[in-house]
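Report on one structure; see the data block that follows.
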Amino acid sequence: MVMESMDQTQLKQLLEYVRDGAVGVDDAIDRLRHMPFEDLGFAKVDHHRALRHGMPEVIFGQGKAPEHLLAIATKLIERSPNVLATRTEPRAAEMVTERFPEAEYFPMSKVLRVWRDKTLHGKGKIAVVCAGTSDIPVAEEVHLTVEVMGNEYEVIQDIGVAGIHRLMANRERLAQARVAVVCAGMEGALPSAVGGMIGCPVIAVPTSVGYGASFHGLAALLGMLNSCASNVTVVNIDNGFGGGYVASLINRL
Amino acid sequence: MVMESMDQTQLKQLLEYVRDGAVGVDDAIDRLRHMPFEDLGFAKVDHHRALRHGMPEVIFGQGKAPEHLLAIATKLIERSPNVLATRTEPRAAEMVTERFPEAEYFPMSKVLRVWRDKTLHGKGKIAVVCAGTSDIPVAEEVHLTVEVMGNEYEVIQDIGVAGIHRLMANRERLAQARVAVVCAGMEGALPSAVGGMIGCPVIAVPTSVGYGASFHGLAALLGMLNSCASNVTVVNIDNGFGGGYVASLINRL
Amino acid sequence: MVMESMDQTQLKQLLEYVRDGAVGVDDAIDRLRHMPFEDLGFAKVDHHRALRHGMPEVIFGQGKAPEHLLAIATKLIERSPNVLATRTEPRAAEMVTERFPEAEYFPMSKVLRVWRDKTLHGKGKIAVVCAGTSDIPVAEEVHLTVEVMGNEYEVIQDIGVAGIHRLMANRERLAQARVAVVCAGMEGALPSAVGGMIGCPVIAVPTSVGYGASFHGLAALLGMLNSCASNVTVVNIDNGFGGGYVASLINRL
Amino acid sequence: MVMESMDQTQLKQLLEYVRDGAVGVDDAIDRLRHMPFEDLGFAKVDHHRALRHGMPEVIFGQGKAPEHLLAIATKLIERSPNVLATRTEPRAAEMVTERFPEAEYFPMSKVLRVWRDKTLHGKGKIAVVCAGTSDIPVAEEVHLTVEVMGNEYEVIQDIGVAGIHRLMANRERLAQARVAVVCAGMEGALPSAVGGMIGCPVIAVPTSVGYGASFHGLAALLGMLNSCASNVTVVNIDNGFGGGYVASLINRL
Amino acid sequence: MVMESMDQTQLKQLLEYVRDGAVGVDDAIDRLRHMPFEDLGFAKVDHHRALRHGMPEVIFGQGKAPEHLLAIATKLIERSPNVLATRTEPRAAEMVTERFPEAEYFPMSKVLRVWRDKTLHGKGKIAVVCAGTSDIPVAEEVHLTVEVMGNEYEVIQDIGVAGIHRLMANRERLAQARVAVVCAGMEGALPSAVGGMIGCPVIAVPTSVGYGASFHGLAALLGMLNSCASNVTVVNIDNGFGGGYVASLINRL
Amino acid sequence: MVMESMDQTQLKQLLEYVRDGAVGVDDAIDRLRHMPFEDLGFAKVDHHRALRHGMPEVIFGQGKAPEHLLAIATKLIERSPNVLATRTEPRAAEMVTERFPEAEYFPMSKVLRVWRDKTLHGKGKIAVVCAGTSDIPVAEEVHLTVEVMGNEYEVIQDIGVAGIHRLMANRERLAQARVAVVCAGMEGALPSAVGGMIGCPVIAVPTSVGYGASFHGLAALLGMLNSCASNVTVVNIDNGFGGGYVASLINRL
Amino acid sequence: MVMESMDQTQLKQLLEYVRDGAVGVDDAIDRLRHMPFEDLGFAKVDHHRALRHGMPEVIFGQGKAPEHLLAIATKLIERSPNVLATRTEPRAAEMVTERFPEAEYFPMSKVLRVWRDKTLHGKGKIAVVCAGTSDIPVAEEVHLTVEVMGNEYEVIQDIGVAGIHRLMANRERLAQARVAVVCAGMEGALPSAVGGMIGCPVIAVPTSVGYGASFHGLAALLGMLNSCASNVTVVNIDNGFGGGYVASLINRL
Amino acid sequence: MVMESMDQTQLKQLLEYVRDGAVGVDDAIDRLRHMPFEDLGFAKVDHHRALRHGMPEVIFGQGKAPEHLLAIATKLIERSPNVLATRTEPRAAEMVTERFPEAEYFPMSKVLRVWRDKTLHGKGKIAVVCAGTSDIPVAEEVHLTVEVMGNEYEVIQDIGVAGIHRLMANRERLAQARVAVVCAGMEGALPSAVGGMIGCPVIAVPTSVGYGASFHGLAALLGMLNSCASNVTVVNIDNGFGGGYVASLINRL
């Protein structure tokens, strides 16, 4: 795309020079070839404006020094109504919330969030399901994500394949979801069970919860990839944000 | 659900007996407790009728003896307009196509298909993308699946991250997709690149294509799970059907 | 089951309405369909009452905040005579034992236990065997579990396949067990040796004890899964509770 | 044990010599020390006679040459009423069934069996459950094993966590089992679901059925080891015999 | 780059229209935005012409049907002087060599090659070293690659770390290399030893040669990645082509 | 062995009773069967007295509480001239050295040692070789072990396959060894190089030293198992004690 | 080489004795056989003097005690103009910078460096590329290495495959590199994308940056080894020094 | 060593020239530096002549074409009295035995052997132990190796940790060994049990025998590396030759 290879103003001027005869055609081609690339904004072919509208800015907080995180957050909060920072350590969160009182910190999931534009973008409800109480931090990352991305959601906690009664009891609530995000550690079987009960897309989030041979979420991950329910897809271990993000995208369709 | 615990007729009769005084309330409770479970059909809470309408019947052909596969296929073909059998060996395919001339066999992907009801269910177009020519069999399984599930689709072949020119060249076509299914072996990086270019949900299908340290698709699988593009989710290695199925579900939303 | 779909009282009332003509049969079917699910207790088909009688309530303490654990423990201790919490950190244990003086804490295995109903449920003796002194914490979790579940048991410590004399010396004691739980780290060979000596079921618990290529219990786990003794089954690494639980179930048969 | 260190007759004679003064005490001690070890049979401390009574002789057929297998089988069939050979190739099976017409061969599970003593040893019924049709060969190895070991059993096929209706529908049948053996490949979640529904011991047999990231049964194995149902223990991948053997032992208790 | 977004002729014409006033500036910008992308050839910023000059066309033959491979090869052989196909099965090779008598087939490494332009591009000599005779097929893929890419090379076979005498004996020959490609299976230690002896860049190619715990080249791969010689870099298992390709690139610098 | 089944005095007495007619022969057999097992010491068939003479008592200190370690050490130090405790934490070491001033603590390798009997048992010299300075802690565990087991040894530090000059420079010293223990992390290639230079048995000790893809010693372990030198055998990762112990055994032959 | 087997002076003297008849020829051969090996310095066959000229001394700081590191550093700094210590803990760095004020410490990458001889040895520019901000510490290790080894370089940060615009925007800068070192964690796809855009050798450095299934850099490592760009070779996880070292070697050619 | 850098004759002549004044001392040094390396045979510092005397020539047959194997074998058989080829396919074996009638082929272990010099070199007896009948092929490779290397040996078959009676029964025979080689698949526990019973060095050979989670010998390998018996060292999976070779070396000490 021409639009990507230079600044719009520069491009316009060059074409005006060509029009006015100030620059020959071959010269123009040559100049085009050496102009600095600039993202013009308007240039992107974007058939998905609706999808992208109202997306929050996202910071992956893991491994970032508090000062560094504050700097990035400051820049984004000044520019965007909604900002989400994952895996933010308490000290960094404190620094941000001090400067921006509208920022909230959720210590369990270590999510830091500024949620100013609360427009609803999703067309239906997203079910956020988790197997055991230990999966709740990951599930919280999911629901904070889907919320800030403009979705209605319902959290259904602490149901597992070994307690089919509880699963059955929640069938009505599950059935009302347009998309489901299911978090589970250990054997990671819940997405299969949920996926078999409801027909909609299920995003499975393996969690690193478990003992011994769970190998930090590997058992759950493999279980989900091998799900016998065909409507299940999988994101990375403990990637609550990813699960919530994709669910939000789907819910905007 | 009561609806699941017994046959509707039985239930109705029991309630009529109660109404008529032929059976006491405590007796009725007791009988309810011992009635055989039956799936009544009408009993399922199904908010997703639209999603489920027109779904093909699916047979996982791997490891099934030809006679066994023929038996299952016969039963399903007689009952449903659309049937899809994955990983079907040629001999089994031949037996089925002999009996049902409308069945087609696709030897590259080993898919056997009966596609009689061609109603369109998907709302947009699905992009079926593959990295190298060796990924084409898996991509074929994807496009045969999305087609039989009533979707328009476009196949974009042989573009990879090491050839960004070709990727850029297909940007317009990619941008028209409502959902994308991206198949890649080796380092499995294509879903990230595609995911970064377009905003819609991307279903990544790792393929077992590769040498040495690709470890039969493990490298691609891990690459996709760790994608830096947030709109990517992953299905099992070589699971073209799964990728196509989920994409179709999403495209019906 | 009807019994699962609503509260018994509600059900009774509904049937009474039907009997009295206050609610028509079709209406009743409809209401049944929308009543909230409630576990009625009496409703479960339970041929295993004996098995389940006197089971302790169990809390998986790992990863739970002390306050959270206290809250759960309080609720369970008030309701049930016997409660067992595994992997409980000292601070949480202290909070519970302060409030409930009858609670005991076992720092080596990190088990917290309330054992008030000491009825014997097991029919024979359970042997709790461990290979080395480092496996004792896991073995302690086993014996505290089998004890609180109403079993006689005998702990046989510090015998290993490399010291066959000690193993032989304990043969009589092993032979008196109705079930054995064998904990071992490193190469995990003890269950095979014990399994070959006695005819009863052997539950193998791999422990994460070991150096280097023990890979946190993986070597022991694989060793046990590949046991050449046919009476050996395996639970998760360091899962002393699981081993004790299954042994107790078997001992009740 | 003295009983193990020499032949009973030799021992008796030696003691008689001592009694008669023909051999001095110190000499006797010395001779005891050098006598050849012999398994006397009566010498074994065996509190589990009941458990062991009526056990079949077992041959692990894998990797054995047909002639070799025939030789072993011949010896065992002549000596024992019941013989079971696992993973027997057709040619070896043919050689055995030719010589012993009462031998049966089950090609799906590759089990070869002589079942002459049909005494019932188990006290209850064993449920043999499998998730998908591809798991049937392993399930067949289970049921042939439990049958030849003198148990009543019921096979429940083709129920999975993604089809909770079918699982619920079989609850009554499952609930009648004293022990359950559950075979599943792919994500291996069925044992958890079954384990949560019924209170009895569940032996989980992971099968190597699956695609891609099932890694020849590893995903199912890990899933089962991490089961959230506490009554589940696990045997090796595809080890139907092992699952059936342990279930039979438990059912004799 | 403009150069990538459309055909050069189209671009020139558009600019001429602008010059001639036939198209307004804003219109031109708009048209630029919708013109089809085309690789113009001259448009690539290429500071590495020397590097790229005389590169052979390459076909990855693995998994390609003979007819398919013949079709691709035909197209490339007609267009380029030098063509290299790796992992070509004999039947495919035969089909190509029949049509193109100048094509050679090397059955040990399964390389098919057309080498017509024998210009020398490399500035020095490339040492192609292999540890054992079993590594020779991979080493052959290396030397056929560096040869067709215009390099002088020397093959040094069958020297290993366990035979330091042979290694020392070849020091002079190794020392004359500008780049070395070292192929080794088993423990993969040869690149470290060679890397320590000579100062130039060493490309390590792990081979899948080995027994048991070599795990199809994994041991060699890990060994090479952990090399204590700082001048060693690694390519994929058995990737002789990759090793030769990078060495050739370096030798052109 | 009779010798194992009871105490020698008891046995003698029983035989005297038999001799004196106080106990009948059948009674004697019966009593033998029920006497408690006791290890008589003299009873062991031991053709390896020389091998076992002067062996130190060994404590595996890892994971033992300081008080526990002190208790075990006290018991052993009072009974045996030489005691070796591996992986002993400083606090435990301090407690022991306070009570037993002759105990020495080596903080680098965390070995605690009492070495009072300095008799030489080995017939030749043991070479203790290590690749890099980071392997020295493991090498120290080796040399402290071989020393306390009565061997002459020579430590050769900091030679690696990437510095063949240094390796060659030490050839004479290596050649004088009767057994060699070679410690190496990273790619673990040194045992192969040493094994190729000298003809004697080489015990390879992989160390967990390394970065990234060394995976805590796995790369070194696999490298050593795949050694192309036939005189190399391997012990567990970081198991300096094991390497020194086996070398000492061999050196006593 | 004679040069390696003894001191030059000794050798000269021996030959003079031979010349003078003081030592017979056979005697001389015998003595040669027993002279101590000494590295004579001049003896090394070194065709790569240019390559080796101006190489810094390198210390691998990981796991070294501060005092130990200070001692080594002191020795090297006194002898060589340029010294680089990787993975140096702050306390050790402080001790060195106190004694040698010209030493600099870079806390992010933990590199300690003395850079006194700033001669340029590289012939072109090295591109140091990293995918995300979390990869910057590794990239810093790369650029500090290439700088101290006498190279011009350019750091290009924070471009990834999911942001192809940014990648394209940097194409000119990338194209000016003679060698590129590309650091990436997560899916490790950037080297493929860069490798496809520019023709020069690309050294890929996987970083341990990532969540869950990145398995501490394993996903990135496998991705890079399976790169579809043929000009990519790989070094160990987080091995920024190794990447910079090889790039420097290549840039001197 | 001078001895390595040139041929003995050349060296002698050069020294004679020096003696005769035909070559100056400095010239001589210079020539020495450029003479071709040749292994002179007498030049090796070899304190282990006894160890090396009578060693067979060994061919690793795996992956070698029959013609290639014949060529190597022919050369070695003509030169050496004893030759051993491992993993030799029947066709290659046939070609060799046709030409050399004294060659024997052992199809079970695929060993081809020429054993002409039957001198005894070992000082004691080697025990060759295997766990199950499936391990016999590997055990045969062991005993053929130790035999051709001049050792007395005893094969003890089919004893396992699950049958401690059989193990105890063989204690006397085991105790007579100077070294033991123990082959075992599945859980690989036999070396620990044997190692605990006898004091001599035990070489453990893991075999690839097993089902499912044995992962082709990995379970056995890990089990052996983690052996709780300190006298156990390990060689590669199925490496019977390696086990026999090291045992022979030790038995010569």
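Think of it as A, B, C, D, E, F, G and H in the order they're written, each chain with its own count starting at 1.
FYI, a contact is a pair of C-beta atoms (placed from the backbone, for glycine too) under 8 Å apart; a residue touches a chain by one contact, two chains touch by 3 or more.
If you're wondering where the values come from, they're calculated on a predicted model, not measured in any experiment.
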Chains in contact with chain A and with chain H: which ones?
C, D, E, G
Could you pull out the chain whose C-alpha mean position is farthest off from that of chain D?
G
Taking each chain's centre as the mean position of its Cα atoms, how many Å separate chain F from chain G?
39
At what distance in angstrom does the C-alpha mean of chain H lie from that of chain C?
50
At least two partner chains per residue is the criterion; list those residues in chain C.
4, 132, 168, 171-172, 211-214, 218, 221, 225-226, 236-237
Between which chains is there touch?
A-B, A-C, A-D, A-E, A-G, B-C, B-D, B-E, B-G, C-D, C-F, C-H, D-F, D-H, E-F, E-G, E-H, F-G, F-H, G-H
Touching chain D in the complex: which residues of chain A?
131-132, 160-164, 167-168, 186-189, 192-193, 195-197, 210-215, 218-220, 222-229
Can you check the complex and tell me which residues of chain H touch chain D?
133-134, 165, 168-169, 171-172, 209, 211-214
Along chain H, where are the residues that touch chain E in the complex?
4, 37-39, 60, 62-64, 68, 206, 208, 216-218, 221, 236-239
Given the complex, residues on chain H that touch chain F span 45-48, 51-52, 58, 123-124, 171-172, 175-176, 178-179, 198-201, 203, 221, 225-226, 230-237, 241-242, 245-246, 249-251, 253
Touching chain G in the complex, chain H uses residues 1-5, 8, 11-12, 15-16, 18-19, 21, 24-26, 28-29, 32-33, 37, 43, 45
